[in-house]
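After the C-alpha cells below, expect a handful of questions from me.
Chain naming follows the written order as A, B, C, D, E and F, and within any one chain the residues start at number 1.
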Amino acid sequence: MKKIEAIIKPFKLEEVKDALAEIGVTGMTVSEVKGFGRQKGHTEIYRGSEYTVDFLPKIKIELVVPDKTTDQAVAAITKASKTGKIGDGKIFVLPVDSAVRIRTDETGEEAL
Amino acid sequence: MKKIEAIIKPFKLEEVKDALAEIGVTGMTVSEVKGFGRQKGHTEIYRGSEYTVDFLPKIKIELVVPDKTTDQAVAAITKASKTGKIGDGKIFVLPVDSAVRIRTDETGEEAL
Amino acid sequence: MKKIEAIIKPFKLEEVKDALAEIGVTGMTVSEVKGFGRQKGHTEIYRGSEYTVDFLPKIKIELVVPDKTTDQAVAAITKASKTGKIGDGKIFVLPVDSAVRIRTDETGEEAL
Amino acid sequence: MKRLIRYALIGAFALAPFALQVASAADPAAEAASAVTAVIEAAAPAEAPAFTDLEGFAGSPGYATFTANNIWMMLSAGLVFIMHLGFASVESGLTRSKNTVNILFKNTLIPCIGLLTYAICGFNLMYPGGDFAGKWFGFAGFGVSVGADPASQVANLTSAYNAGYTYWTDFLFQGMFAATAATIVSGAVAERVKLGTFLIFSTIFVAVCYPITGMWKWGGGWLQALDTPFYDFAGSTLVHSVGGWGALAGVIVLGPRLGKFVGGRVKPIPGHSMPLAVIGVFLLWLGWFGFNGGSVLSADPALTSLTLMTTCLAAAAGGVGAAVTSWILLKKPDLSMALNGILAGLVGITAGADQMSAMSASLIGLIAGVIVVVSVIFFDKIKIDDPVGAISVHLVCGIWGTLAVGIFGNLAGTAQIISQLKGIVSIGVFTFAFALVLFLVLNAVMGLRVSPEEETEGLDLGEHGMEAYPDFTTVSPH
Amino acid sequence: MKRLIRYALIGAFALAPFALQVASAADPAAEAASAVTAVIEAAAPAEAPAFTDLEGFAGSPGYATFTANNIWMMLSAGLVFIMHLGFASVESGLTRSKNTVNILFKNTLIPCIGLLTYAICGFNLMYPGGDFAGKWFGFAGFGVSVGADPASQVANLTSAYNAGYTYWTDFLFQGMFAATAATIVSGAVAERVKLGTFLIFSTIFVAVCYPITGMWKWGGGWLQALDTPFYDFAGSTLVHSVGGWGALAGVIVLGPRLGKFVGGRVKPIPGHSMPLAVIGVFLLWLGWFGFNGGSVLSADPALTSLTLMTTCLAAAAGGVGAAVTSWILLKKPDLSMALNGILAGLVGITAGADQMSAMSASLIGLIAGVIVVVSVIFFDKIKIDDPVGAISVHLVCGIWGTLAVGIFGNLAGTAQIISQLKGIVSIGVFTFAFALVLFLVLNAVMGLRVSPEEETEGLDLGEHGMEAYPDFTTVSPH
Amino acid sequence: MKRLIRYALIGAFALAPFALQVASAADPAAEAASAVTAVIEAAAPAEAPAFTDLEGFAGSPGYATFTANNIWMMLSAGLVFIMHLGFASVESGLTRSKNTVNILFKNTLIPCIGLLTYAICGFNLMYPGGDFAGKWFGFAGFGVSVGADPASQVANLTSAYNAGYTYWTDFLFQGMFAATAATIVSGAVAERVKLGTFLIFSTIFVAVCYPITGMWKWGGGWLQALDTPFYDFAGSTLVHSVGGWGALAGVIVLGPRLGKFVGGRVKPIPGHSMPLAVIGVFLLWLGWFGFNGGSVLSADPALTSLTLMTTCLAAAAGGVGAAVTSWILLKKPDLSMALNGILAGLVGITAGADQMSAMSASLIGLIAGVIVVVSVIFFDKIKIDDPVGAISVHLVCGIWGTLAVGIFGNLAGTAQIISQLKGIVSIGVFTFAFALVLFLVLNAVMGLRVSPEEETEGLDLGEHGMEAYPDFTTVSPH
C-alpha cells in the first residue's frame, strides 16, 4: 500500500475527486493547508501599510491505495489538477506498513 | 518508530485520547479534516436547490510511537473509536526514519 | 527524498520559514493543528464551571527534501523553533518514494 | 401526517385574520390604564371640546400632546420590536454554531407568529374590557379593527381611546411585548428541542397563556382589583417570569443537552460568538427604553424620564454587580456573566421602574447582578441545563424585581409585599402548570426532543439542512 | 487613465456642493403632499396667525404639533438610514466570505454617495416644484439651501414649508430613501461586479434615474395627475421595483456567477453567515417603521399607527408564508426564505400601507411570502443568478404590492388597478431601459465584470487587497 | 492584595449611590444652555401661567411642546447609548480574535461604570450650577435627585428646569455622553492593556477628568465666559479630543503591540471581522443623530433638522473623502479607511453642526476624510500604535472640527479661531497631562501592560479564560 499526498489548488478539488472516483478510489481525506513555494503570495494593504501574504490556500488530499493502483491514481490526480500555471502543487508517494478499517477490524488492502 | 494516522469520527476524540493516555502515549497531534468514503454525505437545501455535501467532518490523529507500542496503540484506537456504523474511519501505519524533540535536541524514541 | 514533519509553536512559523528559505528550501506546506503532549493545556472558565482545554494550537510544517538536505533542514528547523520551554514540538522524518510536480509532470527531486 | 398537522396549524395563524370579526368599538384596553393616569388625564383636560371626526380632533387643543404621546408609544413599539433581534443574537451567540440556523429560525418566526396570534385573539384575551374587571378571564372576540364608521374611528384613533395612544398603537405595542415571553423560552430549550413542536408550543403559549395572566393585572383582572393592587409596572412577572416559568417547564421535560453533565460533573458548553452575545445584550438594553419607557403609556415627561433613568442605572449596576461577583467567585471576569448581569438588572427594575429613586434603582440592579451569577451556578449544580441563563435572568430576577417593589421605592410596605407574593405565586403556578402540561402533551403526541444523532450533528443540518457558517472551518462537536 | 476618470468622477460628487446654487425659496416638495393631507392641514389650521420669524413661530399655537411632526420625520430619516446597515448585513450574510469586504464597501459608500448626489441634484429633480405639475420631468436647480434671510428661513423651516417637517428634514428623509434604490441593485450583482464600474452606475442611477420616475408620482408629475391617480404610498414601485429593475438589468448584462449553473443544474452557493442575514432583516424591518411610518409625512396619530400596524402584520405574515411554503415545497424550513419572506411582506405592503385593514395587510404579506419563494426558485430555473433574492423581493413583490392597492383596501377598484398598471409598466420600462443601457455602456467602456481568476479568488483580494476575516480558517472556494 | 483593591474600587461605584446626598433643587445644568436658547425660550413664553404641581403643568399650554422636546432628548439619550455598541463593534472588528472577549468586556463595562460614576459625581462636576459661572472648577455635591416635595419636582421635572427636558432626561443624556470619552481610549490601547488597570483608569477619567474640562464650556466655566466664547456644539473637543488625548497618553505609556513595528518596518495587524467594523460604524452614525441632534437640547425643528442634515452630509463626505484618498494613495480602496472617514466626518462636524450650510458641512467632512487617512499613516510612521485609528479619528479630526468653526459657517472669524485655539490647547494640555500622569501612576502601582506571553496568546485566555469564537478554527497568532 502507498499513501499519496497531493497538494492542489482549492478549486480543483471537485475535479480531482471525480477523476479518482472514476478509477475506483472510494476513500480519501482532505484538509485545508497553506502552501509556500515558487508561486509568490500576494500583497495586501491594510490601513496604509503593505504586507505580503506568503502562504496561499491549498488543499491537501491524502489517500491510501493498493500498490498496483498507485501510478494510476497519481496520473489521475496530475491530469485533473493541472492548470499549467505556477502553483499547481505536488504529489508525494509514501510507503505504508499497514491499514485498519475501524468499523470492521479489517486490515491491509481490504481496509481501504 | 512508526507513525500512526487515524481518521475518526469527531465526537470520538475524547475517548481515543483517554484510551491512548491509558496505555502511556504522551503525545499526539490532531487536526480537522474532511472525509470522503463509503459513508455518503448528506443533502442540504439552500434557497430551493439541493446539493450534496460529499465531505464529512472527521478528525485526524497523528502520533509517532516506538515500534513495540504500535500494535497496542492501533488496538486502543480501534477499540475506542468504533461505533460499528459506516464511516468509523481508518488507521494507517507508516514507517518513520527519525524523530527530534525540538526543546532538548533529543532524537529517536527518546524524543517521543 | 524525505518528508519532514515539524510540529512547532505557532508564533515561530515566520522564523522557521526564513531559516528554511536561507538554506535553499523553496517549498513547504503548513497547517494548523492541535497538540497534546507534556505541555499541559490551560483551564478556562465559562459561566461558573471550569474546564480544561487539553489541545493547544500548534503549526505543522510539511516539506519534502532531497536526502542530502534532510539533516540540514532538520537542524535549521530545530534552531529556529526552539524556545527551550516545554511544548516546543517535534520533528519527524519519513521516507518518500516519489514526487511529482503537477504543473510540469517532473518527478523525483526535480519536482521539489 | 404529523407534518401535515404542523403545516395546517402554522398556516392557520397566517390565514386566520380572514376570519376576524370586527371587535366591538368599545375600547378593550383603555381600562388597563395604570395608576399613573392622573397626570396623563390632566394633559387632556376633561373640558376639551368634543370632536366628532378626525379633522375636528386635529384642530383641538389636546392634539399636539396626543400626537407627541403617540409618537413615543409607536417608537416604544419599535424599540420592543428590536428586542427580538436582541434575543436572537444573545441566544445564538451563547450556543454552538451547529445550532445557529435553528435558533435564528425560531427567533425570526416567533415575533411573526406572536404578532399574528395577538391580532387574532391575544389582544382581546389580555384586554377584554371593563365588563371583565376583577375577573380571572375575559375575551372581547376575535380580530382587531377600529371599525369603518367615523364615530368608531374617533373612538379608537383619538384621545377618546386613551390619552397616550391610538387603538393601533396600543395593539402594536402590546403585540411586540407579547412575543417576548415566548422568545425567552427559546433560549433555555435551545440545542435540543424539535423545531415544529417548539413552534406549536410557542404559538399556544403566546396566544393563550400569556394573555390570560396578563389580563389578571394589566387587563384589569383580579390582581388589579386587590385591596393593595399587585404592582408590576412593565412586566417583571407578567412578561419575564412568565417566560421564565415556560423555560423552566421546557428544560425539565427536555432534560440537559448531551455532554453537559458527565459523570456528575458540569462540562461547560461555550457559546460560539461573544460579539453576537454583546450585540444582543446592547440591543435588549436599547429595547428596554421602549419596554419600560413605553409602559408609562404616554410620553409624560416626568414619568418617562424617571423610568429611563432607573432602567439605565439598574442595567449598569447589574452589569457591574455580575462582573464583580464573577471576578471574585470565579477568579476571572466572565463576559457572559456581565452580559447576564445587565439583563438581570433590567428585568429586576422592570416591575418598579416608575417608583424608584436613582439610589434604589442602582441597588435593585446591583443585587440582581449578584443574584444572576449565583443562580446560574445553582441551576448548573441541580442539573437544570439552560444554555443562555434565561431562567436565572428572567424567572429569578423577575421574581426579585417584583418583590423589590414592596421593599424599595414609593410603594414599599408589608401589604405591598403580600400582594406582590400573591401575584408571583398565582401567575407562577398557572404558567408553570400550563407550560408543563403543554410540553408533556406535545412530547407525547409529536416528540419534543431531536434524536441524539441529530443533536450531535447539530440541529442546523437535522432540522434545516443548512449551515450557519458554511465557509468556515469549525472545530469538531464538543 | 480609466482609473483617473474614476477618481475624478467619484471625487466630483464630494466637491460639488461647492458649486451649489441657492435653491429657490419656493417649496419644491410641498406639492408632493399625498392624499392624506386633509388631516394634517387641519392640525395647522388655516387661520393660524402669520409669523415673520422663527421666534414668532415658536410662540404660535401650531408649534407643538409641528415640532412633534418634525421629530417623527427626523426619526423616520434615522430609521431609513439604518436600513443601509440592514442591506449591508443581509447582502454580506447571503454571499461568500471571500467577497465580504467588497460588498461591505459598496454598501458603505452607496448611502454616502446617495446623500451627496441627492444634495447636488436628486432632490431638485424629484421635487421640482409646482411649475412642473403633471409633467414627465422637472428640475429646480442644483444644491440645497434654506436661504440666508429670515423670510426664506420662515418659509423653509416652519409649517409654512410643510405641516409635517422642515425643508432640511424633508431633504434628509428623501435622501435616505433615495440611496436604498441603488443598494437593492448591489445585492443582485454581488460577487462578480467590478467595484469602480458599479459605483459609477449607482451614482448615476441614484442621481438621475430614481428621481425622474420618483417625480412622476411624488413630485407631482403625470402619474399623480391621472384621473385616478397612480397610488404608491411609500414606494413599492417608486423605490423597490425601481431598484429591482436595475438589479434585473445588471444581472442580465453580467451573467451568473461562476459555478452557479453547471451542466444545466443549479448549484446553490450558500451565504457565509446566517446571523448577519438575520441582523440585516430585523434592521430592515425596524427601518420600515420609518420608511412607511415616515411616508405619512407627519406624525398624524391615526395614519401613522395604522401604517405601522399594517406594516408589521404584513412582515409577520410574509415571514410565516415563506417559511411554510419553503417547508412544504422543499421539505425543510429554509431560514433564508423566511427572511426573504419578511422582506417580501414589507415590500408588498409598502404601496398601500395606509389604506389597508389588519386583515388585508396580513393577506398581502402572506401572499408576498408565498410569491417570493416561488419567484426565487423560478429565477434560478431561468438562470438569472441573484445571490440575495433582490429581484424576487423588491421587483416581484414590489409589483405585487402596487397591484394589491387596486385589489384590497380603501382604493380597490378597476380604475385603480388600471392606474397601478400604468405606473408599474411606465416606470418599469423607463428604469429597465435606463439601467440596461447604462450597464451596457459602462461594460463597453470600462468593463463590468471582474476576471474569472479574481472571481474565483474572491473580490476582497482582487479589488481591495483585504480579507474580511483574516483570523479564521475558511474553506476552499466553492 | 492588589486584586482586592481593584474589587473594592469597582464595587464602590456600584454601591456609592447609597451615600448620595440630595442635590440642591437649584438647577445645575440649566445654566449650561447654549447660544441657541432664544428660539427655545420663545417656545415656552415667559408669560406662561405659573404652575405649582405636575398636574398643573400638564394642563398648561407649554406642556405639549415640552413633551415633544423631552421625547427628542430621551431618544437622543438612547441613540447615544447605542454608540457604545458601535464602539464595541468597531473596536473588536478592527482587532484580532484572540483579544475579542477582552475588548467586548471593556466596552460593556465602560458605559455601566460611566453611568454610575456620572450619577455619583460626574454630573455635578460638569454642571455645578450658576455659582461657578466663568470658573475652572465647581461641584454641586454627590448624587442625583429631584427632591421629594412637589415644589422641587416641579422645579426639576417641568419646563421650569429647562425648556427642552427634565432633570432626569438631562442626567441620562449627559451620562450617556460621558462614557463615550472613556470608550475612545479603549480602542487605542487594545490588545495589550491590563483589564483591571484600564478599568480603574477609565473610571477616574470619566468621573473626574472629563467633567472638569466639560464644565469649562458646557458647565458655564471660563471658556464659555470668554469675550468670544469658545464654541463646541456637541463636543469635537470636549468629548472626542478629550478621548483622543487620553488615547494618545495611553499609547505612549504602553508602547506598540508586539510585532507591529519589526526591524523599522510597519507590519499591519489586520482586524478580525470587517462586518463587525461596519456594523459599528453604522451604529455610530445612527447614534450621532442623537449625539448632535440632542445637543440642540430641545426638539427645535429648525435647529435639529439643520443639525441632522449637516451631520449626515459630513459623514457621507468623510466616507467618500477617505475612500478616494485611500484609493489614490494606496492603489486599492481600503474599507477600514472609508469607515474611519465616516467617523472622521462625524467628529469633524460635531463642533459646528448647528452653524453650517450643506456646503460647508460637506467640505468639513470631506477634509476630515482626507485628514484621517493621512493621519493614520503618519501615526504608524512615528510608531504610535493605535489599532483602530482612534487618535486620528477623535483627536486629530476633533481638533480639525473645532478649528473649522472659526473657518466656516456663521461664526467664522479671527476672534473665533483664537477662542477655538484657546479651547483646544487648554483642554488638550489638561487632559493629556491628567491621563499621562494617571497612566504612569497606575503603571507603577499595578502595571499597565500584560506579559508578552499573554499578549502572544491573547488577552481572552489570559484575562478571562474564555474564547470569543471557541467553535471556529482560527489561524495562528500573527
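By our rule, a residue touches a chain if its C-beta (ideal position, glycine included) is under 8 Å from a C-beta of that chain, and two chains touch if they have at least 3 such contacts.
These numbers were taken from a predicted model, which means no experiment stands behind them.
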item: Partner chains shared by chain C and chain D (touch criterion as defined above); value: B, F
item: Fewest hops from chain A to chain B - one hop per pair of touching chains; value: 1
item: Which of B-E and B-D has more C-beta pairs touching across its chains; value: B-E
item: Inter-chain centre distance, chain E versus chain F - centres from mean C-alpha coordinates, in Å; value: 32
item: Rounded Å distance, chain A centre to chain F centre (Cα mean); value: 53
item: Inter-centroid spacing, chain F versus chain C (mean Cα positions, whole Å); value: 48
item: Junction residues of chain E - those touching two or more other chains; value: 64-65, 68, 71, 75, 270, 273, 279, 331-332, 334, 336, 465-467, 469, 472-473, 475
item: Chain B, residues touching no fewer than two other chains; value: 31-32, 44-46, 94-95
item: Touching pairs - complete list by chain label; value: A-B, A-C, A-E, A-F, B-C, B-D, B-E, C-D, C-F, D-E, D-F, E-F
item: Contact set on chain B toward chain D in their complex; value: 10-11, 13, 32, 42-46, 57, 59
item: Residues of chain F touching chain D in the complex; value: 7, 10-11, 13-15, 17-18, 20, 54-56, 58-59, 63-68, 70-71, 74-75, 77-78, 81-82, 84-85, 88-89, 92, 100-101, 104-105, 107-109, 111-116, 119, 143-146, 153, 157-158, 165-169, 171-172, 175-176, 195, 273, 276, 279, 463-473
item: Chain A - residues contacting chain B, complex; value: 3, 17, 26-31, 64, 94-103, 105, 111-112
item: Residue ranges of chain F in contact with chain E within the complex; value: 38-40, 42-43, 45, 64-65, 68-69, 71-72, 75, 79, 96-98, 270-275, 278-279, 281-283, 285-286, 289, 293, 299-302, 304-306, 308-309, 312-313, 315-317, 319-321, 323-324, 327-328, 331-336, 338-339, 342, 357-359, 362-363, 366, 369, 469, 472-475
item: Complex contacts: residues of chain A adjacent to chain F; value: 44-51
